[in-house]
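The letters A, B, C, D, E and F name the chains in turn, as written, and every chain counts its residues from 1.
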Amino acid sequence: RFDRKIVLELPQRVARRKILDVHVRKIPLADDVDLDEIASLTIGFSGADLRNLANEAALHAVKEERKKVCMTDFDFAHDKVRMGAQRTDILNPQERRRIAVHESGHAAVAHYLPNTDPVHQVSIIPRGQALGMTEQLPEEDRHNYPEAYLKSRMAIMLGGRCAEQLVFGDVSTGAADDLKNCTELAKRMVAIWGMSEKLGPVHYHIGDEHPFLGYELAQEKDFSEQTATLIDEEVRRLVEEANLLAKSTLEQHRDKLEALTERLLKDETLDHDAVVEVLG
Amino acid sequence: RFDRKIVLELPQRVARRKILDVHVRKIPLADDVDLDEIASLTIGFSGADLRNLANEAALHAVKEERKKVCMTDFDFAHDKVRMGAQRTDILNPQERRRIAVHESGHAAVAHYLPNTDPVHQVSIIPRGQALGMTEQLPEEDRHNYPEAYLKSRMAIMLGGRCAEQLVFGDVSTGAADDLKNCTELAKRMVAIWGMSEKLGPVHYHIGDEHPFLGYELAQEKDFSEQTATLIDEEVRRLVEEANLLAKSTLEQHRDKLEALTERLLKDETLDHDAVVEVLG
Amino acid sequence: RFDRKIVLELPQRVARRKILDVHVRKIPLADDVDLDEIASLTIGFSGADLRNLANEAALHAVKEERKKVCMTDFDFAHDKVRMGAQRTDILNPQERRRIAVHESGHAAVAHYLPNTDPVHQVSIIPRGQALGMTEQLPEEDRHNYPEAYLKSRMAIMLGGRCAEQLVFGDVSTGAADDLKNCTELAKRMVAIWGMSEKLGPVHYHIGDEHPFLGYELAQEKDFSEQTATLIDEEVRRLVEEANLLAKSTLEQHRDKLEALTERLLKDETLDHDAVVEVLG
Amino acid sequence: RFDRKIVLELPQRVARRKILDVHVRKIPLADDVDLDEIASLTIGFSGADLRNLANEAALHAVKEERKKVCMTDFDFAHDKVRMGAQRTDILNPQERRRIAVHESGHAAVAHYLPNTDPVHQVSIIPRGQALGMTEQLPEEDRHNYPEAYLKSRMAIMLGGRCAEQLVFGDVSTGAADDLKNCTELAKRMVAIWGMSEKLGPVHYHIGDEHPFLGYELAQEKDFSEQTATLIDEEVRRLVEEANLLAKSTLEQHRDKLEALTERLLKDETLDHDAVVEVLG
Amino acid sequence: RFDRKIVLELPQRVARRKILDVHVRKIPLADDVDLDEIASLTIGFSGADLRNLANEAALHAVKEERKKVCMTDFDFAHDKVRMGAQRTDILNPQERRRIAVHESGHAAVAHYLPNTDPVHQVSIIPRGQALGMTEQLPEEDRHNYPEAYLKSRMAIMLGGRCAEQLVFGDVSTGAADDLKNCTELAKRMVAIWGMSEKLGPVHYHIGDEHPFLGYELAQEKDFSEQTATLIDEEVRRLVEEANLLAKSTLEQHRDKLEALTERLLKDETLDHDAVVEVLG
Amino acid sequence: RFDRKIVLELPQRVARRKILDVHVRKIPLADDVDLDEIASLTIGFSGADLRNLANEAALHAVKEERKKVCMTDFDFAHDKVRMGAQRTDILNPQERRRIAVHESGHAAVAHYLPNTDPVHQVSIIPRGQALGMTEQLPEEDRHNYPEAYLKSRMAIMLGGRCAEQLVFGDVSTGAADDLKNCTELAKRMVAIWGMSEKLGPVHYHIGDEHPFLGYELAQEKDFSEQTATLIDEEVRRLVEEANLLAKSTLEQHRDKLEALTERLLKDETLDHDAVVEVLG
């Protein structure tokens, strides 16, 4: 059996169309709205993202005093949902530079490593919970992730922190989420997908977040301390390898990393073409 | 005492007939409907599957504007329940090929190993939660599983992943469920059925999923860390042995594996006879 | 103080009479019904069994269109409660033979070992949850169990599995409950009755099943890992010793084991006298 | 501070009088009832015992058709509460002899060891949950227990089992409660009263039974595994020492032990004077 | 930041005055009642003690048939609350002597060690839950406890048990609460106040009693087994050191300890001056 | 992605303005009130602090019999919320001196170490829960904390306790909260921000306080004992290093530390300029 549950557990195109259908039921749509196209363009959106998309589009139409929601409203909503609302925090120059370096690190590793999704956008404008963001988007829905893809992904996650280390000589608290996501991915590789030779193609129950409480319930581990030690060592090994990969990639392209940082400080947001222009 | 609770804990023929009786009580049946025959043909169906079968048959009859549900409706429902509703995901050629290789791996191991149930169908049409499936069906209800049968079963579960490794040189996230089921089976062999010499004919309480919450409740393990380590080592040994068995089986029949993959890519779904025709 | 709580925690004769009194209060009894005799004959019945006995007797009387429940009804109910309702599963010859071997193993070990209760009946007719059963009944209520009795009992529990191993060369999933019961008994010997010299006459809290939920609640173990390891080793030793005892007993009487198997396949159910006739 | 909470946590004389006052409020008392005397005579009664005493006295008066409850009723109730209602189980001669040996063991150890309370009664008449009982009563309320008293007490608890071992060459399941109580006492000596030199005058939280649920709630142990191991070893040492003490005491007085057994088999219940007469 | 939460977490003078204000709101006070003075004199009272104080004073005034509560009532209530209601238990001479020795031990260690609060009263009259008590009171509210003070305090707690050991050659169950409090203090020194060099100025979460349930909730320890072992060893070391300190102090003043015991047996309660008179 | 969640998880300027808007909705504001300025000046305030600020300003206006709340009221409230209400505890000279030494230690370490926020105020006037306090304020909102800043911060936290050790030769219970906060910070550095080389850029789940219950819920640790030991060792190392840093800083400026203590004992509260004047 070939399981469809994947890393990000996101709905695929067909599912997205169905979810959209539900959320636009009470919204008067203009004739130009093509739900199939919207479903195609919302790769990487979760169910909640799609509900927000419909709501934001409707709100925008009201604001623009239109009686029907048209494609322009969906375009606006698409940006807002994907990136969060813009914030007006004033960052001092040192902090702003650190963020630019951090995001350039993510983008550069994503650009130079093989087996990665293209960089869609890099930005140092604070939005939602984030002070900056680097966005990758696959060209089409992914149903399955080979090991090589996952290893590149881990290196990209650590790229921001590596760039800080390279440029400033130390790291900061800003990489907490990157570390958490990277560790989570390494754990799944080891415990769920059998990608550690030491632990073999065996499934180890590592628990899921409780959907409501936001943290795991107390669960009896279903393996021994010896196995727990092996899992930790393998997770540590995978993360260290990804870290070294990110580091060597950035050292090799140090000048390009700095060029991207300067461009980001100047333009604040770069699209795919701008990133490619700078990084080559 | 010879316990009737078995691996899959599925109802046997007589029980299936009784379950069907309950679910068709409010359904007007045509004269050609033979519930005994349906019970005989639904080997491997759970209680929930049988309820779905009745519902789907009734829905199909309504769709066809018949006043009574006839045997044709049950035939249609049988397919839908057994395999899930077809999905319209568009997979790219690489993903489609990987799925074909994966399913061919399951099928080939099932075909060449002794002590196995016959391959009923192989398919790479996405249905329900799965992107592909390989289905085995025993010729009659099983009440008891000898050790040799269980070992072959584990190798079949790992056959999909082994085929990916053999053909592409790496594995992917698609085998998560296979690994989980195979590990679960190995654990039961070691802890419930006394099939590890190191641990002896002793029962070790390894916990069941909570039926409602979907995960185990916090339970005090009833054995020591030393025993937990032994269990983990034995589970790992059994899974590794099954993996080697699957691997050597596929290496020995590499050309047939590829033939089956090509046939699957062409026909998408193969029945028992087609599989036998390709694999010999 | 000499504690009355015993292995099976079943009501004794006097208690059974009182329980019967409660359950027949609303049942019209014929003059030939002797509740004292029924209480005497229901050794090994739990409180729930006695309630079922009364209900089944009443149902049988209704079926037979009698206005009062007479002793014949209780005789019928006695069989049904003790053994479960007969099932109509059709087992294939291999499975049927394996069950016959398994039950013969239980019966032969019970027959040849000292300090055991007599074999009351052996059967390979599927009833209730079981595909076969071997029933022992003490000649009178037991209030206390010496160590020698418990060791024989463990060997009898493993006798079915040993017979399978001896005859077919492998074991199957059918012995799961035997292993569980045998392990449970060994644990009590070690932790509750002080029957391991290594652990001494010390009580170790090993937890009880929660009466309602059917599994143990999370409880802090009240002993150290070192003690847990000792308990596991001693339990494993006791079970292994019982296994060897069962095995050597069956090897010594291999021809009788096979004779009993053939007789069972022919007659399906054997009473005490038939078993003695075959086994000598 | 000198803490009043003691081993058995029973109410003392003054407290017993107060508890009696509460429970006789609605009972018409005859003039001869002296509650102070009853309080003096009920050493070892718990609060629940005292409530039962009042209820049983009232029930007895009703049975005897008296309008007021008199001292005779309290005498009757006193026996019933202290020993439980008599049962009419018929034990076979072997079981009856084992119980007599077991109870004689308790009584003989209690008689010959120093620092013990006098034997009040020994009986092999089944009452309440017990098949036999040996009762000790202090001459006056105890407020404090020196170490020597506790060590003798543990030996008395194990005396029944030792006698079985001595006379029959094996032990039985009947000593389960003795082992549990003896272990519990050893644990308190080690963890609560600082009576192990290895662990020092340190308090270790070993948990109490939850008053309502009847078992301990899951609690984080407040000490390390190393300490848990030390506690287990010290508990085991104390229990083994008590066992050796009981054993050597009984071996030294083997003839008296057997004399007491025979007398018990003859008379079924022996009071203090009869025990002293036999044991010297 | 200099934290105000202290060992006993008791309200200071100003807080006591405010608590008193709340509890006397509905009590008619005579003119001689000076709440400021009462607040000054109730060092060591908890909030609950102060509420009891107000209630007991009011009850006493009613008993004395006064319409207003006067200072005399507060004096009476002060004694009752501080020491508990007197009990009328009759202790035998051995128990009474053991208690006198135990309390003399507390008092003597408190008297001879430096960095201690003065002994306010010693008594062997049973009150509340205690059979005897030794009371120390600081001359003014303490806001902060240096390490030297805490070490003396631990020795005082163990002084009662040491005196028993010295005089009777063994210990008893009466010191359970002393051990518990002493262990609790040692744990806080090690885990909360950084007073162990081995563990450094690090905070270790050792859990608090649940205010309502009276015991700790199941909490995941936030440190490793290695650290737990270190904490246990350091706690054991601190308690042993305090025990040796108490022991050597009492051995050095053995004659005074016995003089205090005799005086206590004669007078039952000694105030500060009497203690000083005996101990010098 | 550059995460905005930071050490203290406090709202930034823009967020503070929005929170203020909510809390002043029902308060009549005078024309001189500039909410933007208040938002700018309340760096380091939590959401709860801002609600208190609004409430205290309103209460102050009522007290001053003004009909509208003006900027003066907010100034008063600002002080009260930031520092807590003043208390009138009378501390004895020794305790007062110890607090002065403790706070001088915090202030001196904060002053002499690089990568720190400026000292805003030092005080030995008891307020709220604290007997003294040293307050640092950043010049502008911080969005991100480099490693060097965190290490200085830990040393400042331990500076109070180090000063006590230096001046009095021992420590006291007053540093409990400092130790707790410092340990918490070290743990996050090791487990959340990847700042230990031994543990690498891996995320370890160390649990959060439950917002409502005030303590952590029972959670299964998601790492092995070996990892837990490593984390403990690294946390201990970081805290010890911070302790040595604080100690050497204070030893180097011993005379200034004492000068600051004397000035504090004289003036009780010192602002930034006064601290700089003394420390140079």
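Assorted remarks:
Just so it is clear, contacts are C-beta pairs under 8 Å (C-beta built on N, C-alpha and C of every residue); 3 or more make two chains touch, one makes a residue touch a chain.
The shown structure was predicted, so the numbers you read here are calculated from the model rather than taken from an experiment.
Under the touch definition stated at the top, chain D and chain E share no contacting partner at all. Both chain B and chain C derive from one sequence, and where they touch, under half of the residue numbers involved are common to the two copies. Separation between the centroids of chain D and chain F, computed from CA atoms only, is 59 Å.
Averaged Cα coordinates give chain A a centre that lies 34 Å from the centre of chain F. Taken residue by residue, chain F touches two or more other chains at 207, 217-220, 225, whereas all remaining positions touch fewer. Judged by the touch criterion defined above, the protein chains form a single closed ring in which each chain touches exactly two others. In this entry the chains close into one ring whose order, counted from chain A toward chain F, is A, F, E, D, C, B. Remark: chain F residues 87-92, 95, 98-99, 102-103, 106, 126, 129-134, 158, 160-161, 168, 170-180, 182-184, 186, 206-207, 215-221, 225, 228-229, 231-232, 235-236, 239-240, 243 touch chain E in the complex.
Touching chain D in their complex are the following residues of chain C: 1-7, 12-14, 140-148, 150, 192-195, 199-204, 208, 217-220, 222-227.
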